[in-house]
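Below, subunit A partners subunit B and then partners subunit C, in two separate complexes.
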Partner chain A sequence: MNAIIVSALLGVIMMFSSWCVKGERTQKTIALIGLFVLIVANLAQMNGWYVVNYDTKSMLTFSRFGLYANTLFFGLTFIYIWINGEEISKIGNHAADFYALFFFMLCGVSVLTSFDNLLMLFIGIEILSIPLYILTGSDKKSLFSNEAAIKYFLMGSFSTGILLLGITLIYGATGSFHLTIPQAGVKYEQFMTSAGLILIFAAMNFKVSAAPFHFWTPDVYDGAPTVFTSFMATIAKAAGFIAFITIFQTQYKALGYSWGLILPFVIISTLLVGNVTAVFQRSVKRMLAYSSIAQAGFMLFALYGTSTLANEGILLYMVVYSLASIGVFAVLIKMKENSIEAFHGLGKSHPLLAFLTTVFLCSLAGIPITGGFFAKYYMINSILLAGAGLWLVIVAMVFATISVYYYFKVIQAMYFVEGHPAIMELDKTYTYKLSVIAILLLILGVFPSLLFNYLYF
Partner chain B sequence: MPIQYYIYLCLALFSIGVTGVLTRRNAIVVFMCIELMLNAVNLLLVAFSKMFHGLALASDATTTVGIEGQVFVFFIMVVAAAEVSVGLAIIVMMYRNTHSVDINFLNRLKN
Partner chain C sequence: MLLLFILIPLLTAMLLLFVKNNKMANNIAVLTTIVTLGLAIFVAYKGAVDYNQPWILILNTRFLLHADGLAKILILLTGISFPAIIIATTQNQPKQKNIFLSLLLFTQSGLMGVFLAGDALLFYFFWELALIPVYFLSSIWGGEKRVAVTFKFFIYTFLGSLLMLVGIILLYIHTSEQNFLISTLMHASLTPVQQATAFVLFFLAFAIKMPLFPFHTWQPDAYEQSPTAVTMVLSAVMVKMGLYGVIRWLLPLFPLAAKTNALFIVSLSIVGVLYASFIAIRQDDIKRLIAYSSIAHIGLMNAALFTQNQIGLQGVLIQLFSHGINVLGLWIVADIIEQQTGIRSMKQMGGLAKAQPTLAILLVGFALANIALPLTNAFVGEFLIFNSLFQFNIWAAAFAGVSVVLSAIYTLNMIQKVAYGELSTPMQAMNTPNKNAQIVLIILLVIVFVTGVFPQPLFNLTADSLQQIIIK
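Now for the complex of A and B:
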């Protein structure tokens, strides 16, 4: 509750500071202070202190898991703005407007982590999506940005329509929008419930870009300004996953037998499409777009394993993946072009930056002592505990191996190919900021449980 | 009228919307088809709401069962309006740069 109220207020404050406060540095500082306030307000609620203690008539429930996920999202956004603030103010005329949109999106994120009613699910998804359409098209003069925005907008609202039909069919079958676990004794319209759930499943797959509904992802991620791609591929996507898990960890029973057919199909096709297509990309940005589809396949494992281990795993995976992606995209922003040739010889000219990029890419690939290893370990472990067949694990491992190939292609371009990197002027502090992310990744790679100890006390 | 008629009507409207989105090439028309999908859902929600209300009226004359379906319709209308304002802005931005609203024109990102 605190997070929802405070983030909406902060969004309005940022909107006004767009014309009251001059200077992009000041606006960035206000945004960072605002995020700090938001984190404090959210932690206060975890310790039982409310700004407004309002009875939400069970529209929202605040679980420890959701509140903690909120804290992580706010922390990630803090790191994101801290690193990319200067880059954001280069796009458009009013940086503070973009910060306002970030706060509104965080409001949507906090609804998505705490909803208990399909109405709030719909509202949360829309609050998250509509600012994303704006951010995608924020580079108004660029035709790529325009194309990405219109594609994202049309596809996004199309999937919203499908989500709404699903919600309506569930309402028609059960007479309520609440997420109740289907009971054995009560007679529901079985067909309408299943049809509704499958439509919601499709729409949520759309939002997190899982395979049969992934086709918008490469174009949109490629066309949007790289700073905003970084936010879209990490925090916005992870929030979608939290919502996805909240619905289906209780509701999958209503699908019965067919759930065990649909989910492995989606997981395997996501892994297949993401990894195999990423191998053939020349542009690093497009490669990262496909790799984010592949990572979504791994995050879907949390849906399969419905245990506390899966919940811990999704938190770890989302933090590690977001940190590493924010890092790689932050390096990519400083490149003059997106092709892999731009990285040639980076190891000689910028040794520290090249080393940090290597850490990020190793983490995405899941190499031990970086966080990505334990993230993948928790995911695989949770599906094994949930009783999935060994074949699913083997398929996942094969695709994880394929992903090493295209991540290491960039490392190879940096260290083993002679050439001049097409990189912009870089000040020292930027590299130091990135090394903070790398250190966090290494810490999580050694002590992953540091992240969720706080979940329990 | 039986509820089935409403379900068939709404699913037909929804399918017309989906077909339009998938086949038309004018951004405005695609957008109209998405609105058609949302309004088909609105109609279905109101029909279900009346159905549950009517069932509950038989036992209790002052019941408010089924009201939440109609409240949902208002939320959909508000969110759709917000989406329209953003979407039309994006379409206008595209028109300024390309002097066309044809989405076939948008294929630069493919290769």
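Now for the complex of A and C:
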């Protein structure tokens, strides 16, 4: 509750701050302070202190898991803005507007981590999506950005329509929007519930860019300004996953709908499309777009696993994946072009930056001592624990190997090819900021349980 | 105590990144590897207490390092190999020596971890860690085709180890205690199908690493293209990881599946042995010859392991060490020749005995050990290995016996071409190799003959492992 109210208020404050405060640095500082306040407010609720204690008629329930996920999302956004603040203000004329949009999105995220009602799900998704459409098109003079925005908006609206239809059908069958209503024992209208579930499933797949609903992803990620792609591919996507899991892991599973077939199909096709297409990309940005589809395939494992372990796993996966992606995108922002040739010889000219990029890429590929390894580990473990699909895991491992191929292409370009990297002027502090991310990834790679200590106590 | 085996190389590796002076970097590296060797010898004779700390509480995994006979003999081998390699190749290390040596020491740290780990997840962790520095070493400083070749090697082994990870987790979730210790995993309650699957998953990882025919295709290229120091690490120590995995994990965890598939795997190994031997006969490049001969020897050891008989196991435990020493000696001699003359083709060599008698004697010594002649260390091991194969299946022994003849053919052929014959022009130009390399070679040769004549210490060292593995 705290997070929803405070983030909405902060959004409004940010919006009007550009009237009274000039200077992009100050705006960034205000945004960071705002995020800090938001984190404190959220932590306060975890310890039982409310700004407003309002009876939501059980439309929202605040579980410890959801609140903790909130904290992680806010923390990630903090890191994101801390690193990318200067870059954000380079796009468009009003950086404060973008910060305001971030706070609105975080409001949407807070709804998505606590909804208990399909209507709240719908509202959360919309609050999250609409700022994303705006951010995609924020580079008004770039045709690509405009194209991406219109594409994203049209397809996004369409998928929202599908989501709504699904919700309506469920309502028709069960007579309630509430998530806990469908119960195992009760007979519902079979066709309507299954059709509704499939539609909701499809719409959620669209939001997290899982195949075969992924077609918007490469174009949108590629067209949007790189800073915002970084946010879209990490925090926004991970929030979608939390919502996805919340819907499908409890009562809806009890409806007896057969997950055995449809979910593995989605997982495999997501992994296939993401990994295989990423291999053939020449542009690193597009490669990362496809790799983010592939990573979504791995995150879907948590949905299939549905256990405490899977829930822990998705938190770890989301944090690690977001950190690593924010890192790689932050390096990519500093490149003059997105092609892989831009990275040639980076290892010689910028040893520290190249090393950090290596850590990020290794983490994405899931190599030990980086956090990515344990993230993948949790996913595999949860799915094997669910007792289903050893074959699924083996296939996934083959795809994980393929992913090493394209991530290491970049490492090879940095270290083993001579050349002059097409990189902009860097100030030292930028590299140091990135090393904070790398250190976090390495710590999580050796002691992943640090992340969960706060989840239970 | 055991933690030092990982910490010393690891911390030195980090330190070396900041040492810009080449000479100093070299001295530091040599010194620490010798200290590690000293520690290894101490532990081999005195034993050491397990290092046992909880690691990741939620997963119930432990940071457990344990040194039994099998681990001791391999840390001894690792301990000997690294100073030998660093000293012998001092002169042909690249310009950024500190980074090169640092990566080498990272590898050593990973290898020690692999051999000491008593927890499956920890084992997996180190298994991967040992690989990554090698990837960078070979890709940065290797031969012309280095990037592609090393990448093939990396992807290949990475796939194998990911499959092994699936196998580990599959066992883990079926245990009652929910931890990764060998003793727990051994009692995992799996259905026959699950056991067979997990067996295949583990086996693939080890077979790729060894490498076993038909998974060996990465090896000759990787050996040829890597910088020599890395090739030595790969062939003397790293391929032992595969065999170690079989002894430590595969046989105790899946005794039944190992027994059922024994005939198949033994046949596969022996086919590989013969295949590699025939190819070795046709090789003209001395490095590729050693690479294929190494595949043949490893295949033989693997065949003996799957006979699951005490004598064979004992033979392999000895041979793990002996093969490491022999192949290291051969590589160092080949490297000295290549450094000084720039040739690898044996056709252009000849007359080494006239030009450099000492080096020629050393080469002959290691070559004889490679054929496993009596009095050399390899004889002890291979004798036991053949003994076990004979008991297992007479045909297996017969075909494997052919490989001894073949190995004599290609090794003696190499001696003939390199050491004897007309003195070729490139060989004439050879200088006396530097003192340090000679000393290393002589020490290795002494080890070859001492353990060949008097192998009892090695038997004593490995006795406890033997008991454990066979009883379980």
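Everything that follows uses one rule, which is that the second predicted complex is superposed on the first by the 448 of 457 C-alpha atoms of A that agree within 3 Å, B and C clash if a C-alpha of one lies under 4 Å from a C-alpha of the other, contacts with A are read in each partner's own complex, and residues count from 1 in each chain.
The criterion applied here is as follows: a residue touches a chain if its C-beta (ideal position, glycine included) is under 8 Å from a C-beta of that chain, and two chains touch if they have at least 3 such contacts.
The model shown is predicted, which means the values in this text are computed figures rather than measured ones.
After superposition onto subunit A, partners subunit B and subunit C are found to sit side by side with no clash. For subunit A, the partner touching the most residues, choosing from subunit B and subunit C, is B. In the superposition on chain A, A:265 makes contact with neither subunit B nor subunit C. Legend: residue contacts after superposition of the two complexes on their common chain; A:401 is shown touching subunit C, with no touch to subunit B. In the overlay built on the shared chain, the residue A:171 is in contact with subunit B alone; subunit C does not reach it. In the superposition on chain A, A:149 makes contact with subunit B only, not with subunit C. When the two structures are aligned on the shared chain, A:191 is found in touch with neither subunit B nor subunit C.
With subunit A as vertex, the superposed Cα centres of subunit B and subunit C define an angle of 140 degrees, given in steps of 10. Once both structures are overlaid on their shared chain A, subunit B and subunit C have a minimum Cα-Cα separation of 27 Å. Listed in rising order, the residues of subunit B touching subunit A in the complex are 3, 7, 14, 17-18, 21, 27, 30-31, 34, 37-38, 40-41, 44-45, 48, 51-52, 65-66, 68-69, 71-72, 75-76, 79, 82-83, 86-87, 90-91, 93-94, 97-98, 103, 106, 108-110.
Of all residues in subunit A, only 312, 362, 367-369, 373-374, 377, 380-381, 384-385, 390, 393-394, 397-398, 400-401, 404-405, 408, 412, 415-416, 447-449, 452 touch subunit C in the complex they form. Within the complex formed with subunit A, the subunit C residues making contact are 56-59, 124-125, 128-129, 132, 136, 139-140, 146-147, 151, 154-155, 158-159, 162-163, 165-166, 169-170, 172-173, 194, 197, 201. Residue ranges of subunit A in contact with subunit B, taken from their complex: 119, 122-123, 126, 130, 133-134, 137, 140-141, 143-144, 146-151, 153-154, 157-158, 160-162, 164-165, 167-168, 171-172, 175-177, 218-219, 222-223.
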